[in-house]
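Shared chain: subunit A. Partners: subunit B in the first complex, subunit C in the second.
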Partner chain A sequence: MTTRAQILRVLPYALLLALALVPQVYPAAQVLLTLALAKSLAVLGVIVLLQAGQVSFGHALFFAIAAYAAAFLGNSMGGGEIVLSLVLGTVCSAAVALVVGVFIVRYRHIFFGMLNLALSMIFFSFLEKFYHVTGGSDGLSVARPRVLGMALERGPFELVLFYGTLGLVIGALVLTHRFLSSPVGQMMRAIKTNEVRLEYLGVSARNVLLAGYVLSAALCGLGGVLMSTAQGIVTPEYAWWVRSGEFVFIAILGGAGSVGGAVVGTLAYEAVKTYAAAFAADIWQMILGVVLLVVILFAPNGLIGLFRSWTRRIGSAPERTGDRAGDRVGAGE
Partner chain B sequence: MNAQLVALAVFDGISYAALVFLVAVGLTLVFGVLRVLNVAHGSFYALGAYATASVGGAIFAAGYAPWLAFPLMLLAAVLIGVLVGGPIEKFLLGRIYELEDVLQILVTFAVFMILEDVQRLIWGGQPFFEATALNQLGTVTVFGITYTVYQLIFLPVVAIVVLIGLRLGLRRTLTGRLITAVTEDREAAVTIGIDVERIYLITFIIGASLAAFGGALASATTSVVPGMGADMIVLSFAVVATAGLGQIEGAAVTALLIGLGRSFAVYLWPELEVLIPYIIMFGVLLVRPSGLFGTVQARKI
Partner chain C sequence: MSGKVILQARDLDIRFGGVVAASDINIDLIEHQNLAIIGPNGAGKTTFLNLCTGYLKPHAGRIIFNGEDITGIAPRRLVRKGVARAFQIPQLFTEHTVMENLLIAAAAQARQWAPFTRLDRIGARAEMEHLLELMKCGHLATLPVSALPEGQRKLIDIAVALALKPRLLFMDEPTSGVASAEKFELLDIIAGALAEARVTAVFVEHDMGIVDRFADEVAVWNRGKVLFRGPPGDVLKHPDVIRDVIGEEL
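Showing the complex of A and B:
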């Protein structure tokens, strides 16, 4: 007998297993999947902030900071070391988020979104204008780093990068899930429901949001380093507002209510984008727009929510355990 | 920087601010009433510009009188407001007022993406340029600087007329007073029998028309290219946020501030040009979290 709980328990593992088999079964998609998984880390960062009801239109800032930091480090060391790059990039993003976050967490809603946008655009212009440091709009090329001291050829390196990224994504999903279940994570959700009550409980809403902000920036940073390493180049486009908008788009598409939405959303988004760009190059933006509209109007919990309601319908014993379909983004005050 | 350059920068700033104001005031009006920050507002600006430039180009090539450029702008703005803005509010935004802010913004973002491709499908990727209106009004020499009458006098006058017209319209006409009532307190407005849905529709059409009018006026001074809507929406967001959400006069002052800041940056430090709006916004919001003219709202407990 298939019950909803069984399907829900098995499916994430089945999806991960399928992903892990891709290099053996369908090697052509391996690089594309590496990029998608790197992007899903940044989407996960946006989802963290969405728990508090805040949306950032400038999170590509942290994506770019980490990618550039890793590129500088790698180029100064003649290739560098992937582990070192990942650590340094993530730490840089988190450190910048800590400093600007002290100011930004004082704002909510549209002001929060716009200030993030402003910061990312300032950084974008800096990357474009200061040619001698950042390579301008051509960006910087990222040399292939060593992996734990070993210099790998292109093929093995890409394979290692794929599995490394997959491992980091799984780690990030578990970590973020635990953060959101922790007292601080619950308080983040309270910011969305009713911030004033939170303050009356003696909790500093700003400090709670700051913790979430730093975590989300670190996740974006991790994704940025992986993306630039996989692409071998980093350009100012990493910080552009369109990329920030893309992260938010994917978060809503996948389902902002749970961490798994980041991965499911990114995979679906990249698939649609690849096919739309190939078969309908003129209107791919229109297709994405229509998809976004349909998701918001008819499936506000995203793909994850659709899947949950589907399993609920076919499951023989409807259960409520672990059902978080109620905490959709739209469940405001 | 000599006196002539200062004057030139001031002129540039004023004519630019007039256009930005027209777009930003529509955005802030719509936000004040509907409480939705409309990303698709930039699309109305681009549609107004495209419609005016392409239709203008066609009718002037067919030999019609050049003064028709001015009524054409007004017509294009109203038509886009009613025919594009109207259905969007009625059939789409009307369904999402119950959703949370984030989702409302994303719905308008989706509309923006769709309209971007619609523009590309209708007008293609090549730039349009149609300066008949600009050439009609000739030039004027002030402080030894020759400048077009269109940019130096016509655009600011239009902006001021719109500002005064909006203020008087909201205070003196019945519809204006209803709009003000809905802005102040929607629930109370419903209780006394105001048809809120109709007010939403009217406000949205006015706002969309203002954006399209801004685009129509801008089409005479600059090439109409893909992506112009995106640039303008980001800029007018900055103006609206800096002024304080829903502030009409505030939007005028802030548009002037940002317009002047930008034109001075062009002469003094060109690298900073695109950054000026963000830097001003950042500076203002750090000191006044609700914007220059915004008021602190009471929070629900």
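Showing the complex of A and C:
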């Protein structure tokens, strides 16, 4: 095994171990990391669609649907149960994606992106205007749910939520990676290059994209429930287009060619945002903008791609061929 | 003409504005008889392929494949009935490797939707390796399609179509874009693979040498009509064909 392969193999686990130790080593960052990890699930959803070459500027829709569904459930049950909230929220997002997806997967590129945007903004307006149901722009407060029947104090609950989120992110990364390596996942990538051939293989490109669309919505939904639970509140801002744009931004920053890009991108984004806001309060958006420009110009495959080319350089050179489908999707191109 | 009729075209008509691309086309395709379609540009050859593979729907007439009316059925559904197509400009997944292109086709053919089986671990892999060897492209398996020259892309395009295990394969100018010196070699490879797969082929071709050598039968198209049909030896010597189609080449 070359140095490069070793680094590539060990690094993800090292990163996860470092994350798992945060509550012990640097507890101040725990809540921030919970939120970042929740967001990374939504970014992962966006990355799934990017495999097919499609960008959604409205995936906050599914983030918000799940968060509101969970909030309604929790509030109607006096707090509710987190497992139930997660399942219900995710299922709601997936179900809505299945219905609107049938219509949306007929479109590609700018139309695909804009239709998603339109739907998310319709939902945003709905959340703002039907304030007697949704709480309007104040949103709904989310009571702290029980965890497997146990009512926890704030401290332990946040710790459980952190590890639960980390576990769900790892699970989602593994499952999404496996899906993208499967025949259907590879057909998603084939939509990007040649839909005509796909049809002439007897495959419905729309159905393949629909499968990916539902998966991406479910991932966004899972992230939305975790985010609202961690924040204790859900507002229409969850469905706002800026949030959808943020998911796309992070996906490109992290590297859209790989599932790992979702986590790496979100952590980097939140770090820059937090520290830029702390040290350069007036210009932090500008710093983020410059970061994105630099990434697009010099590392079009995102941070993951940057990392790969870096390890390639320090590792032994001749290990380039033989990259297989799964490896490429998994570790960025 | 012996053998089973695999596809019948009956009274096919289609026009694009004032251009008659198919007018009263009646033709039977015989199983295991490779048919070459020749004719001047704009004669409606590719239109016929588009009609038979479901890309276009005729304004009038019917197409019967294997006893079943397939007129106007979408390519996707037609493929599952056993009609495959290779393209004049190869239609491949350029961000995938050659082997991945074949495996995607094989997975589509086997309707393999298991969401967590890796594409490169599906059962058809050995079969696809054999198919690549048959196409003399075994050494290309791990290369991305985007790295291949046109001639090899043509072969992979046909291999992808064969991975669907069709009964009938339509090929639109399998040797176009390939240097003349390599055309015969290319067609030799294709013919070998077709024979082993026991696929009936219909191909549009401009090179009469290729037609003469590889076709069992030739059909001559002009202005949306089938003018002649018969063994290459007879058709290619017909004075009208020499004048209208072959021109001064002979």
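One rule holds for everything that comes next: the second predicted complex is superposed on the first by the 316 of 333 C-alpha atoms of A that agree within 3 Å, B and C clash if a C-alpha of one lies under 4 Å from a C-alpha of the other, contacts with A are read in each partner's own complex, and residues count from 1 in each chain.
Here, contacts are C-beta pairs under 8 Å (C-beta built on N, C-alpha and C of every residue); 3 or more make two chains touch, one makes a residue touch a chain.
Quick caveat, the model's predicted, so the values are computed rather than measured.
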> On subunit A, do subunit B and subunit C fit together or clash when superposed?
Replying inline: fit
>> Residues of subunit A touched by subunit B versus by subunit C: which partner has the larger set?
In response: B
>> After the superposition on chain A, what is the angle at the C-alpha centre of subunit A formed with the C-alpha centres of subunit B and subunit C, rounded to the nearest 10 degrees?
In response: 80
> Should A:252 be classified as contacting the first partner (subunit B), the second (subunit C), both, or neither?
Replying inline: first
> Counting only touches as set out at the top, which of subunit B and subunit C does A:114 meet: first, second, both, neither?
Replying inline: first
> In the superposed arrangement, which partner chain does A:166 touch: subunit B (first), subunit C (second), both, or neither?
Replying inline: neither
>> For A:181, using the defined touch cut-off, is the partner it touches subunit B, subunit C, both, or neither? Pick first, second, both or neither.
In response: second
>> Just to be sure I read the superposition right, which of the two partners does A:103 touch: subunit B = first, subunit C = second, or both, or neither?
In response: first
>> One more residue to check, A:52. First (subunit B), second (subunit C), both or neither?
In response: neither
>> Under the stated touch criterion, which partner chain does A:289 make contact with: subunit B (first), subunit C (second), both, or neither?
In response: first
> Should A:201 be classified as contacting the first partner (subunit B), the second (subunit C), both, or neither?
Replying inline: second
>> For the superposed arrangement, tell me the lowest C-alpha distance between subunit B and subunit C in Å.
In response: 5
> Shared contact residues on subunit A for subunit B and subunit C?
Replying inline: 194, 196-197
> Can you name the residues of subunit A that touch subunit C in the complex?
Replying inline: 175, 178-179, 181-187, 189-190, 192-194, 196-204, 321-322, 324-326
> How about subunit B: which of its residues touch subunit A in the complex?
Replying inline: 37, 92, 95-96, 98-103, 105-107, 109-114, 116-118, 120-121, 234, 237-238, 241, 245, 271-272, 274-275, 278-279, 281-282, 285-286, 289, 299-301
>> So in the complex, the part of subunit C that touches subunit A is made up of which residues?
In response: 53, 74-77, 79-80, 84-85, 91-97, 100, 103-105, 107-109, 112-120, 122, 142, 160-161, 164
> In the complex of these two chains, what residues of subunit A are touching subunit B?
Replying inline: 50, 53, 55, 103, 106-107, 109-111, 113-115, 117-119, 121-122, 125, 129, 194-197, 241, 245, 248-249, 252, 282-286, 288-290, 292-293, 296-297, 300, 329-333
